[in-house]
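Chains: A, B, C, D, E and F, in written order; residue numbering restarts at 1 for each.
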Amino acid sequence: MSSKLTVAAAQLAPVFLDRDATVDKACRTMREAGAAGARLVAFPETFIPGYPYWSLVLDRFSTGRTFDRKLFAEAVEIPSPATKALCAAAKAARLYAVVGLNERDGGTLYNTQLVLGPEGEIIGRRRKLVPTSHERMVWGRGDGRDLQVWPTPLGRLGALICYEHSNALYRYALQSQGEQIHVANWPGGVPWISPIIDAAIRHYAFEAQAFVVNATAVLTDEIIAALGSGGSVDKLAPGGGYSAIVGPLGQFLAGPEPREEKLLLAELDFERIADAKLIVDSAGHYARPDVVRLVLNRHPHAVLEFEGEAT
Amino acid sequence: MSSKLTVAAAQLAPVFLDRDATVDKACRTMREAGAAGARLVAFPETFIPGYPYWSLVLDRFSTGRTFDRKLFAEAVEIPSPATKALCAAAKAARLYAVVGLNERDGGTLYNTQLVLGPEGEIIGRRRKLVPTSHERMVWGRGDGRDLQVWPTPLGRLGALICYEHSNALYRYALQSQGEQIHVANWPGGVPWISPIIDAAIRHYAFEAQAFVVNATAVLTDEIIAALGSGGSVDKLAPGGGYSAIVGPLGQFLAGPEPREEKLLLAELDFERIADAKLIVDSAGHYARPDVVRLVLNRHPHAVLEFEGEAT
Amino acid sequence: MSSKLTVAAAQLAPVFLDRDATVDKACRTMREAGAAGARLVAFPETFIPGYPYWSLVLDRFSTGRTFDRKLFAEAVEIPSPATKALCAAAKAARLYAVVGLNERDGGTLYNTQLVLGPEGEIIGRRRKLVPTSHERMVWGRGDGRDLQVWPTPLGRLGALICYEHSNALYRYALQSQGEQIHVANWPGGVPWISPIIDAAIRHYAFEAQAFVVNATAVLTDEIIAALGSGGSVDKLAPGGGYSAIVGPLGQFLAGPEPREEKLLLAELDFERIADAKLIVDSAGHYARPDVVRLVLNRHPHAVLEFEGEAT
Amino acid sequence: MSSKLTVAAAQLAPVFLDRDATVDKACRTMREAGAAGARLVAFPETFIPGYPYWSLVLDRFSTGRTFDRKLFAEAVEIPSPATKALCAAAKAARLYAVVGLNERDGGTLYNTQLVLGPEGEIIGRRRKLVPTSHERMVWGRGDGRDLQVWPTPLGRLGALICYEHSNALYRYALQSQGEQIHVANWPGGVPWISPIIDAAIRHYAFEAQAFVVNATAVLTDEIIAALGSGGSVDKLAPGGGYSAIVGPLGQFLAGPEPREEKLLLAELDFERIADAKLIVDSAGHYARPDVVRLVLNRHPHAVLEFEGEAT
Amino acid sequence: MSSKLTVAAAQLAPVFLDRDATVDKACRTMREAGAAGARLVAFPETFIPGYPYWSLVLDRFSTGRTFDRKLFAEAVEIPSPATKALCAAAKAARLYAVVGLNERDGGTLYNTQLVLGPEGEIIGRRRKLVPTSHERMVWGRGDGRDLQVWPTPLGRLGALICYEHSNALYRYALQSQGEQIHVANWPGGVPWISPIIDAAIRHYAFEAQAFVVNATAVLTDEIIAALGSGGSVDKLAPGGGYSAIVGPLGQFLAGPEPREEKLLLAELDFERIADAKLIVDSAGHYARPDVVRLVLNRHPHAVLEFEGEAT
Amino acid sequence: MSSKLTVAAAQLAPVFLDRDATVDKACRTMREAGAAGARLVAFPETFIPGYPYWSLVLDRFSTGRTFDRKLFAEAVEIPSPATKALCAAAKAARLYAVVGLNERDGGTLYNTQLVLGPEGEIIGRRRKLVPTSHERMVWGRGDGRDLQVWPTPLGRLGALICYEHSNALYRYALQSQGEQIHVANWPGGVPWISPIIDAAIRHYAFEAQAFVVNATAVLTDEIIAALGSGGSVDKLAPGGGYSAIVGPLGQFLAGPEPREEKLLLAELDFERIADAKLIVDSAGHYARPDVVRLVLNRHPHAVLEFEGEAT
């Protein structure tokens, strides 16, 4: 791992429900981050092509035939031309990127974090394990393969999405794999969760003895207008961001930024992880595996199991 | 997959127990379907050279030496001049075809669906897994290779025969492979099963979130006459068809047609699959692989198992 | 099992979001069914205290603080005075009852079918495995213990809820346990699903070679009024029932009834199961366990596993 | 094993389609055999309550609602009062008995050999693996548990039914388990198969180096009359038996008896097995397991596999 | 559980290293809390007879013979007159109390939370699992019995101490047992940890969907003076408290109070737990036991294991 | 094993908190021992890069940011260039070596004995099971894999560190594995423990019927100076060694040496083990496993347990 490292959190609004234009925006942001010296950039939850706010503020009966279909059409298959464009941009900018997107696989959408490397390769992909509340109308569920830490030359990299941070076992699954840089994603624009994000990301850094790169979107007037005027649309307000970069004792290194589209940058000093671990190493000297241990089932959740080869 | 697509279900009577003449009739129908814009056409169960009605209405003792022998002689080997003629017709018509036929392999007959492609190639072949009732006197049994979905440029294509639709595991084996177009075959002319076909094909479309192209034969006065006058022949009546094309929510797009020989045509709009899957994706977000999963044994059912390679 | 047997499907509207009043209504209906000679009565999905229509027609943002809280408060714990009252009514009426209800366990609600016996005992309890679409905002998920058939003196009894009928594996899990009487529940009042119910219950009877007792609720003007005027409430219309009793070949023995609150009664003749199985026994002579088999994981889904005993 | 031993083959006609009366007849025959010094008695194939001749000589269409239903109703469940009566008779007569019967399990019938011991216990049960021709309309199929040899004080006992004797692997499965006394069953009354029986049982004795106790039924005028007058009933003729007892070199020790109901008796001298094996021990010195070996899968063919315990 | 409930967090300094005087102070505080309507009161970490600040600011070489010996002498055995006095006070005040104390068991001290009930009974006792840093010179380690939630009429009660809150598995062990009121204890007076306490207790409430009653001590000039003048004593400053009561969404209901000795009071409305769980029930609908589960070993950590019973 | 064998105990001071220089010193000492005919050499506890005396004589508050960080940085990862250099030296000197070092694994340090072989290979590694007093601020804890005896051509080799010798079960775990040469390590320089070492190593030899090679460090003026002037530094004095080699009856074969850096050498005569065991074989004829037995859990203490393979 590097001893010092510049990372970025991109607080952005998508070009709402337009996959290709949002991919372009992500690529431009990678270039900007690379030029600023960042070796890692995190994008908001389901940045491409945007978070399904309609499932929160409009009724199910009326949204299925318009917004849900649109999202299904504009979602990202892996691989596809969209992921190829993202990979090429990561390569050009020579950085790692964690890109939130709506993934389409067969007839099911997933809330996915795509992890790209500086050679333009796909490092990994993880799907949110349990969509929250209204999101359950939109996305399927990941499995044990989605709790994985990737070793990189920058350090050991992990990621979770939004309220996944509420579940101690999801978090410890990453922390016990030696995670050093944690990417957190949230949608942005959901009014009541800023104080929750604050506690969640600062406590994560503390309990993991790791850095947290937290990227949220911001809600814009354009997105609100696109949702129309029914239901609770009028309860939405622009802004609602909380992007930030946090150190191992829970201190802010950049942000939090509540409102603007902005590329947050911070230098991570890995000596700070060592400092923290001298007191608490949560998967090391502060653990009690003789008392409590976590079991992680990494078997793929397959509905069909083959015996024998196809002919 | 295509977004829109015209398909056909051919409700026909065979030239009973005459392989070559029935092959000719199938080839003519392919031309007709191609001319009508269809890119896929489905034929009835064991269309070539006809369904063994005698095993239902005549006694075993008396039929073996006449009808069974005749069927054995007029059955189709794969490959053979008969299948070459069918392939050539599919190529000329530039379409996919699923042709029901009596297959002869060694000393055993099978109830087989032969799948042809627009290049004149054989895409696949599947044998009915469990013949029903009186059919067990006529046909052998398929194995796990016969529960297969074929990827095609038109979409993912699968097929089942008649009462195979009664077994949830046979159906889910196809559905879990992402089937989009399902071809169903029934004999036609068996009086009591029309309401069963109705529920089976509409429910199949719903549970698979797929299109169903259902082709049945119709019984004719000529065939009834050919069976002679004994047993229960007098309980048979002409007609007994139920060919239809069904959409992913179980709605009829063409048919059902009870009586006439007819080429049913319908345009499939694949957006309708996406609509259905937003609510239920039976092998995706609506599945519980952690609770129930299907094991499909694809090992060939071979009586002789080799160890080592032949020299 | 009895050779003949009278059963009932109770098509009813709840006293909306009023647990105790709806329990009373259920108890009265048990008395009525018992007096009519029924030995089994099925109630609609989540009859107590009603189906969460608001999650379909109102937006999430505005419903959580009113309707969701109300449902949480009026849901049924097992056991509780509410279930004791139901048990007492079943005992008084000397019948079996399958009662759909919203179950509360800790902080999670479940869509549950409670099965009561004529001694006033709780025979079993099953929770819907995968809530559908908007329902995912309301209910948690069952596990492998919820795919169970109960042996009773009336015959082997199983049950599924609503779109669970779309999943072949859930169905076969019951059918392969020898189910003879299947209770199906649907909410009623959801406009587009009557044709789906029609195909689902008739096909279930056919593929299971069993009787289906299908109970749906009906939507009333009172319930619609209680939902207020926002969102898509105006798209709801009274009625929307499809209660029915179906025989093993898919034929209606009572119903379907689209609109009225009504107690449907039918006499089941178990000889009809034998007739059907002579042709197709889907877990017997028509199965191919050498090719496809179902694996059912009945381990409880527990987040916490203890080693050692509490002290 | 005894060095010498008296055994019996009971050539009998059933009280057609009357389970209880045929059970009585079997019990009487056991008493008679025991009184004659026999320590083992074999009964014909599906003796209780008779072989389904209708499926051979009448048409399917017309038989299902009469003969098939009657057979379903008169078939034997294991255990049941019928098997208890048989066990009591075996105990009273102090002998082993192999009783052919139609077994009913759930919705499927099986062609079963029930093996009883002199303590009135059930030693084993085996189901015919592949019904033959028209029989497939009547019976399901056994699995690997049905190829089993039972060790008894009389010697190692095995059994097969009718055309199962045509399959070398079924036979070798028993022979390779050291079978010494083989019980063969056939229906009797099917005109063309007497020469086949003759070759089958004599060759079996030779290839197994074992004794064969072969019991067939005989067809009676009463049974023919019960079948009515349609189809090919007139092709049936009374008689058609071929019961016999055969020694290890293929020589008849009793019978064959073509026509009469009769209890055949013979004394088996086990020295004759040793004589034969000096030359050919087909699962011993004459085998080449390094070159060919038989794999027998004895896992039950279960359509449903559980993980975890029921609660 | 009660729907509404008043609870208290007692921010206090001990009568340093004087067990009996500190017990008196605890008893007086219970009376005060009871009089204020509180039904539960939480005391600081190792309140009786105080936190071993010397192990942090003085060297090991010089403290063992003075401070450590003093603490050993003034620690609390369970049961003992000290615990009896505490129990009597809880009974007089009719409340539950969680009292932090230095427990002595044989030759080892433990950092213990003693839980008392309003009948004057000891509800439970838990020992810190992993002392932190310098504390490891003072206290032993608990075992799996120390991760326990106690059912009480007030709700399900659990507790953790200080940096135990950094370990996800310790926390989830309580949360998965349905904890509703969580008592957190910290020493107070350790300058750098106030921001950590802030994130830890607010995030705990959020991830547990529970109330957190957080009691810290405050450091006083008297205690600092008692430590003498060596080492880093001069780096200590009076105050350093952060007692607070937090609601299920992470909001403060009372406090945080940084400096004063004070009895914080708040009314808990259990409807707020229901509200939170409608969105996230971390051991219910938001868990994935099929993917990650926690194993808790509750076997006592005994150095000696008996086989057989003593006689 | 050899009947006679020369071994060495290296009493040395580290180049304090300088990993690479101390590694060099260890390598030079291996060469020296090899040249003197030794086939095994033991180094002091945490020789590389020194024992954390500051945790004993300075206060926690002031040491964390200086000494602890320095130790973290200068600790040894396994493998790493430091261990490669040590391996190469063992190979060059053709001897076995047991090297005490501070091991870093993730965020936790361990007090480790690294065992090297004459082919330059790592034979084993063991971590101290329970750090003592002030050491608990520095090191984590080993598990059951750390109680292991290694078979070597020299004899069966085991090792323990410092106060681990106080625990009878740790010792018996090695002795019951047939240990013949025991390496003991202590820090040296801690004034009060020389008499403890004396009793511990002589008794070990007796109870194990084995040789003990005991290596301690010596404290130097340079190290004392490096600790500065605060706390109890002035209570430290140079020297404090007690290296020695002991025979199976507790007799000194070399040393003890209290003060100088020195390489102690002795010839071991394995006949002396046999002599001792004639009287007491503590894991053999003198044991009563029917009455008392030791259970050693060698499962790794893993906080995370995987099911399934990573993909």
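The rule is short, and it goes like this: a residue touches a chain if its C-beta (ideal position, glycine included) is under 8 Å from a C-beta of that chain, and two chains touch if they have at least 3 such contacts.
The shown structure was predicted, so the numbers you read here are calculated from the model rather than taken from an experiment.
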Note = Contacting chain C as well as chain F are chains A, E
Ask   = From chain E, which chain is the farthest off, judged by mean CA positions?
value = D
Note = Contact-pair count is greater, between C-D and A-E, for A-E
Task = Provide the C-alpha centroid distance between chain B and chain C, rounded to the nearest whole angstrom.
result = 35
Remark   = Distance between the CA centroids of chain A and chain D (whole Å) is 68
Query = In angstrom, rounded to a whole number, how far apart do the mean CA points of chain A and chain B lie?
reply = 47
Key: Intercentroid distance (Cα basis), chain D paired with chain B, Å   = 39
Note = chain D touches at least 2 other chains through residues 303, 305
Task = Could you please specify the touching residues of chain F with respect to chain A in the complex?
result = 64-65, 68-69, 72-73, 105-109, 139-141, 301-311
Ask   = Where on chain A does chain E make contact in their complex?
value = 129-130, 132-133, 141-144, 147, 163, 165-173, 175, 192, 195-196, 198-200, 202-203, 206-207, 249-251, 278-280, 282, 285-288, 290-297, 301
Chain E residues within the chain C interface of the complex = 144-145, 148, 172-173, 176-178, 209, 271, 273-279, 281, 283-285, 287, 289-290, 293-300
Ask   = In their complex, what parts of chain D are in touch with chain B?
value = 55-62, 131, 133-134, 136-137, 169, 230-232, 235, 295, 303, 305
